């Protein structure tokens, strides 16, 4: 738990960030929306003195697709395919989170087997998201080869999930009460084989990247998000855990059957880019642990309730449901007016808050650091814009 | 050699220029192919396979495509600088190549200040890079140009200092004399530190990863050549790969004994060494992430410069003591 | 944990001071994912946010509900949570209804001006000085609902284009009739 | 150990450790240089589609009828989040059940969520196995799912009509027979007439 945060600690920081020295010649630089390492369409308006950043104004909204507005014009079921497109890198987690939220509203019981499959698929999805992040982060700081190694491993996950869900990226696998397809023994064998494979590959990653002196130089002490900043901006996920706070929704308010699995919450103390890197790589290992347990324990049985409901009409009321996505706490706030169409669905996406902290982190760094920092907090722009 | 053939200095110059241009073009085409193939295999891909055997003609096809591309000049660019920059970047390379002894009898020009001339011409290229960055009227390009100049100044010093140690050993700045002095043992064995410093400096001089700061594509988009298209862009590329060849030729001449080697003819040894070094540089590029600009500079000024100075002093002292 | 005692003490104080009051239809965590639901007057929201901030809560989300059709008001929803075992507090702030930027001709307003709406404030004070996280959330609400926040340092549109002349999440915006009728029904 | 020597050792450790880490990385890439590439040469060698591969929807051809079984109930049209299905249907002459006469899917809008397949009461929707649709115009993605069923549909309707007629006749006959129970002689005559026919 963080120590008592001082109100206004951050605003003091903001005041001092311009420094006392008079500014000679400064200029603005538009980084993005089209830029090789802005991960989609993020635009950072940098106020620069040479290569030193004085101030930053993130501009978002280029990928705004009005998901929340769409939700007001569709019934609960019809919003399903939207969910995996909010954050296309952890589409499975988002899709299942929405299912779980609506199930909670409708009080639908999910069969055991479906719960286990959900956990396996979510964790596979989390690993694939982290692997993609690993690759693109290295790409951002100039290492091209690790990107392809990570994508090779990620491809295995995509194939496993493609075989059962039929999609590679924007899964629409969950249904209220269960899933669309059951898994078979081949799926479980493939998953086991993947766990084994990735365990063998991780040491290679460490030798190629984690230990690399250039990589460490680029990341150590760069872009520190400390506990105060994290608390003030609502930073969650690996960025928060890298600041030393062991907060994980899977532990804080266990959903699904996450309370049945043993896993650690990896944390680091320094809060810099390297800490975030280490936390994510450690999380891959923890996800492998969860998958291993789930694959070993998965029971036989149905994947949908015996009598699935046909009309989904929750009683009037409100629900906030949170899960741990690959990037942090993803929350769904559903307001129902008792009809078949949601009154309002608000998606609380982790990258929104994580990116909002950038004005507190980026000043007094350099352009190269900006790339490393934005890369290390792992933003997914469509998720921010929704 | 050419002197005997022609006798007319203009004809000689013209012919040498043509041969060197031809060599540089083929060299760049080959190196681009090699880089793409090597990087692919490092990354467990296949690389180009379609055009020609194993994709060997792919770069030729790309060059033809680049020739056909529209040449775009940005509005508000400083036009003279913008247009002249690719030429200035490329021309010193042509002169540079002509100075190396490729074999015992194969050498375009043999000057007694050859080594100095090589570094002098290498320095000119950066003026072209700065012109390109300044003339483009683009902030990214300007940042890249500024980085390039700072980096060049920082890394030329250790580069030249380590080369100086070799001239102390060889007692000459004539490249052919330096190579002849290594007929028994290459200077790599006497100057391991100098060779290592030279290698690092050479990678930095050619703006290659992990020192590709001026064109860092993930930071500055493409740095100084952001605004260049078509053949102008290709000339920058040509210059980059030719520069790789030149720094490798210097390294071969100074540390690896040039054309000396058993069994095979001299020029074969020379090119084996040169392309071996180039492959090593490619291996670096496809393994390491990029340094940050300030780390790069502090590495040059706090590690490489003192080390190369120490190396030079040590060499001088040892020579004074042991060599009569 | 002493923090728990502290927050409950603070909340009790607040309750006693009539700053906040338990919402009449407050429901339990199992049903709504919320531990506490409180209705807070607009002028007290910054004080309440400070209390949460001092108690180590983080701002999870701020959003808005357009209740103009039924209750003739806008409702801000603030969610605070702990970075530990979940303890989620939800604060409602009711505001007067906003007028649509430029009502489209096909607006159907069900609101009947039979009774005068209760006197509600037009805007809420920004809590971005307490929680910088609120900066973007409030900008988004301004962008999507047209709700103003006083003393916000940078209240401009966040997601929609700067020159947009609408607030997209108001319930009378973008209502396409017969949106589900197949062709041409791409609607929203 | 004095502070200076410790600093020197630390410096050496850092430098040598850094060098070693670079060499370790180079070893990894070198090792991968000699591994088999993982590239799939896509148009030359096509990987098998996965078991549950999702693509544009198609109609199932049933074994016994040799045609689809879309009864134009419009459930898929209503559930489709992308509003990409358009169906028309009516009752063919002499049949009690509705049949689809038009079935268009705009695959450019489809998000392959599978909700239509879930709700189909006659299980006549499935995913097709096409994956490489390319076109220059958007309307090229509007698929007419009934094209391949036109002939089979005619034959099926003919058969169904006959069956329905036969059923109708049998029903009438049965009704007549029931009526004849009361008036036996008339029934006998009727049956005689039927036999003569």
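Order as written gives the chain letters A, B, C and D; numbering starts at 1 within each chain.
Note that a contact is a pair of C-beta atoms (placed from the backbone, for glycine too) under 8 Å apart; a residue touches a chain by one contact, two chains touch by 3 or more.
Since this is a predicted model, take the numbers as computed values, not measurements.
Greatest centre-to-centre distance from chain D is found for B, with centres as Cα means.
Taking the mean of each chain's C-alpha atoms, the chain closest to the overall C-alpha centroid is A.
Of all chain pairs, the one linked by the most C-beta contacts is A-C.
The distance from the centre of chain B to the centre of chain D, with each centre set as the mean of the Cα atoms, comes to 59 Å.
Centroids of chain A and chain C (each the mean of its C-alpha atoms) stand 25 Å apart. Computed from the mean C-alpha positions, the centre of chain B lies at a distance of 62 Å from the centre of chain C. For the pair chain A and chain B, the distance between C-alpha centroids works out to 44 Å.
In chain C, the residues that touch at least two other chains are 179, 187.
Looking at chain B, residues 42-45, 286-288 sit in touch with two or more other chains. Residues of chain A found to touch two or more other chains are 145, 149, 152, 208-209, 212, 214. Residues 38, 40-46, 49, 283-284, 286-288, 303 of chain B touch chain D in their complex.
Residues 74, 77-82, 85, 145, 149, 152, 155, 159, 162-167, 170, 172, 175, 180-181, 204, 207-209, 211-214 of chain A touch chain D in their complex. Of all residues in chain A, those touching chain C in their complex are 1-2, 4-5, 7-8, 10-11, 60-61, 64, 66, 68-70, 72-73, 104, 230-234, 240, 245, 247, 249, 252-253, 317-322, 329, 331, 333, 335, 337, 343-344, 346, 348, 352-353, 356-357, 360, 385-386.
The touching residues of chain A, counted against chain B in their complex, run 27, 29, 35-37, 51, 138-145, 148-149, 152, 208-209, 212, 214-215, 217-218, 366-369, 371.
Those residues of chain B lying in contact with chain A across their complex are 39, 42-45, 139-140, 143, 209-210, 212, 216-221, 286-295.
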